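The structure appears right after this line, and notes come after that.
Going by the order they are written in, the chains are A, B and C; count residues from 1 in each one.
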Amino acid sequence: MTRASLLLIAALRRTAGGLLLLVGASFVIYITIRSAPGDAIDAISPMGTPPEVKAKLMAEFGLDRDPLTGYVAWLSRSAVGDFGESLVFAPGATVMDVGLPAFERTLALAGLALAACLVLALLGALLLGRPHPRQQLVTGPLYFVTAAPSFVVAVLFAQGMNWFVHTYVEQGGYETPPWYPIPIYSESWMPYLFAGIVLVAGDGLFTDFLNAVRAELQGLRNAQFIAAVRAKGARTVSHIARNMVVPLVSGYAARLPIVLGGVVIVEYIFTLDGAGYLLLEAARERDFPIVVGLSVLFTATIIVVNLLADIVRALVDPREVARGG
Amino acid sequence: MSAPLLAVDDLVIEFDTQAGRRRVVDGVSFGVAEGEVLGILGESGSGKTMSTLAVLGLVAGNPGVMGGSIKVFDDGQPRELLEGLGRVIKRRGDKPARKNDRRWQRLVFRRMKPLWGRVMTAVFQNPRHSLDPLMTVGAQVEESVRLAEPALSKAEVGARAVDWLARVQMTDPSRVHGSYAHELSGGMCQRAMIAVALARRPRLLIADEPTTGLDTTVRAEIVALFKELLADRGRSMLYISHDIREVLYLADRVIVMRHGRIVEEATAADLKAGVGRRDPYTASLLAAAELPVGQQGAA
Amino acid sequence: MEAKAERLGLWSSGAVVAVVLLLGVVAPFVAYDPASAVDYDQQLVGPSAAHWFGTDGQGRDVAIRLLKGIEAFFLPGLLAGLAATTLGALAGAIAGYAEGWVRSAVLGLMQLIDTLPRLVFIILVCTILNPSISLIAGVAAVLFVPNIATVVRRKVEALASEDYILAHIAHGFRPTRILLYHIIWLQCRPLLIRQATYVFGYVLFVETALSYLGDYGVQEPTPSWGNMVAQTRELAGAAPWPWLFPALAIVITISGFLAFGNLLARREEEALR
């Protein structure tokens, strides 16, 4: 068989695997709903929900049937993007109407922040070069600082900002500078930038990525085939770059779940109008269809990104296809 | 005697281990002349691979090369690789203590850059890891061809690459051209690697245990291939091996290394014929290979 | 130099771990009544001899609340670390050793758990079930099983073809003994140590994050580092100590445990070589 057809088969197989995972993950989410103590419908509906809404919820989540057929009913609705209607947050609107635009913003924030993190890690690794004992004196404290949870980083950041604003106002500026991100909600992109910075710096994401990229780069520089390329007098850059694609793509996909968790925290702190903020608000007010709908969207994103990463790996690395995974 | 290509003098290589500083190459001197095949024979840990990697400028840090001189002759012009090395070695008392690996590497790489490939290149042990896993074998041979003959057109480069693959006796060169390293056997990978190295048309080919890890029959084939390629165009070569038969078969002159020192230097003809006094270690190697030992004792 | 820097790291992070463990053991024996600790004459007093870390907005001593706050995550964190590594090692051993459908089933299950976005899933669980720190720790433990199982499985698969393991098989050792003792216990211990400290740190992280994000986690007036940090964040500029000290405690504990796990694991790995 030709390489192209093998690649196609691998891609199809992986897509099927991804779909299977999505079904499985949605089943886990559904079973979690069914495992609520007492009457599941009471657990998932807000206080004072009228009985007819409760009945509708029961039907939507298949709570009136046994878990399996209930799941099938719920899945067949969710599969076409019908997660029901919002109860409290935006009564009457469908979950997708409320959730999808917010989710798009969140995805842009998380995706771009992680991409920035990747670029910075790569630059840092190139700049720092080979690990050197004395560098531990620098990277050690750096690790310490960035192991700080994102909410700690965010508050420190906000305090720093406040201090800036104070001096700004004292110097005769207007109440707050136009770029001030916290806590005013605005349509500007500034708060997103600051949220992105906290996202990159917090939870040890950057240091973790930097260490991984450095180790990968170091291993590659010491690799025998790079020595062979060097010995024949060719430039090693293109060989190293090509061989870095797979670890970078894998590293990106592997860290996405962490960033999608961090984005929830960051959106809450910076009051950004994204899916993370929506998720927390909906959870607080027990707007259950939104919570479940967003959970499924988050999970689906992780699966899709991993699938894309798999396909990129298969395209770049011929061994992946040969393994037939 | 023909013009020299390589002259190594009093080379010292050290490494830090948990048991302290260890000298893996201890004052080794050897040279290769144009058209000559020098064999370096020694067991693993004798320092033979380290010496050759140092010649290529590829010994990584952790002290590494600590002294000596390596001259590479580029059209008769000597290029000293280790000149100014003293600047990056920090001394404690009068003993060399540490060296600044990064500065050292930058220095050596800059000097090696015009020499790599054109003057000398290498075939390493472990052929599977010598080829870029993400590039087809053909593309890697083509890379060498383009470097050696920049004037060729794209089609000519492709044809030349297939030609090289045929010359290293690949059974199906055009298929191998489009294959990746993981799709080939170890022996085929080594043939491909030899094609990559030779397509670069180096003055000196360094073969560092090119048969290690291959099956016995494949080893014989690779050694025969080297012999044929040598006969083909009178190429100079530095051939490193722990197998005395391979070395005697290919080399004009042989040095034997043990514990980081040279214990014996002789022509292959003398060794084969059992002429002259032999070091006990060389004698034991000859005896083990059922070759005539000759006289023992310090030569 | 390298060894020295590493030893320094190991000792300092080891000291952090030791102090946290010691305080965690001592804390339950310290009597503390959150209600009677309130003292409105002593609001937001800075650090002094009487109040080492100052007092919070209700005049409560920050130092003692920090000490009692350890209780909130200490035991759940330890148990979660233990549970996650045990389950992960078992799942990894099974996936690495078994063949056919058993292997596929375990791998599939691991992959399934691994696709759940951790924090989002924990929030979902907390909205459905009664949120408590034990529940959070339990869910976190399960969510970390695939991570651990993957590293253990790779190790098992890599070792399965090693000569000495083959020799053990040839000597007639029982496979379970080889798997559990020679492979998991002797070879995977560094990996497991690293993962256990990671899970412990994650439980602390989730507890604090959830206190921050909503009213999950430990409820007032019982102190936890999470609710201490969450309640005082508005004051962090004017009166930093009630926020700063718990925040520092969180950062130091998490990074201390992570660094200790990493360095200890690296040392053991070197010893294995």
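General remarks:
By definition in this document, a residue touches a chain if its C-beta (ideal position, glycine included) is under 8 Å from a C-beta of that chain, and two chains touch if they have at least 3 such contacts.
Remember, predicted model here, so these are calculated numbers, not experimental data.
If you compare A-B with A-C, the chain pair joined by more contacting C-beta pairs is A-C. Farthest chain from subunit C, judged by C-alpha centroids: B. If you average the Cα atoms of subunit B and of subunit C, the two centres end up 51 Å apart.
Between subunit A and subunit B the centroid-to-centroid distance comes to 49 Å (mean Cα coordinates, whole Å).
Averaged Cα coordinates give subunit A a centre that lies 22 Å from the centre of subunit C.
If you check the complex, the residues on subunit B that touch subunit A are 56, 58, 60-61, 101-102, 112-113, 115-118, 120-122, 124, 126, 129-135, 143-144, 147, 180, 182-183, 193, 196-197, 200, 202, 206.
Interface residues of subunit A facing subunit C in the complex, by the touch rule stated above, are 21, 24-25, 28-29, 32-33, 35-37, 43-44, 133-134, 136-137, 140, 143-144, 147-149, 151-152, 155, 158-159, 162-163, 203-204, 257-258, 260-262, 264-265, 268-269, 279-280, 283-284, 286, 288, 291-292, 294-295, 298-299, 302-303, 306. Only residues 129-130, 132, 222-225, 227-234, 239, 242-243, 316-319, 322 of subunit A touch subunit B when the two sit together in their complex. By the touch criterion stated above, subunit C contacts subunit A in their complex at residues 1-2, 5-6, 9, 108, 111-113, 115-121, 123-130, 205, 208-209, 212-215, 229, 233, 236-237, 243, 247, 250-251, 254-255, 258-259.
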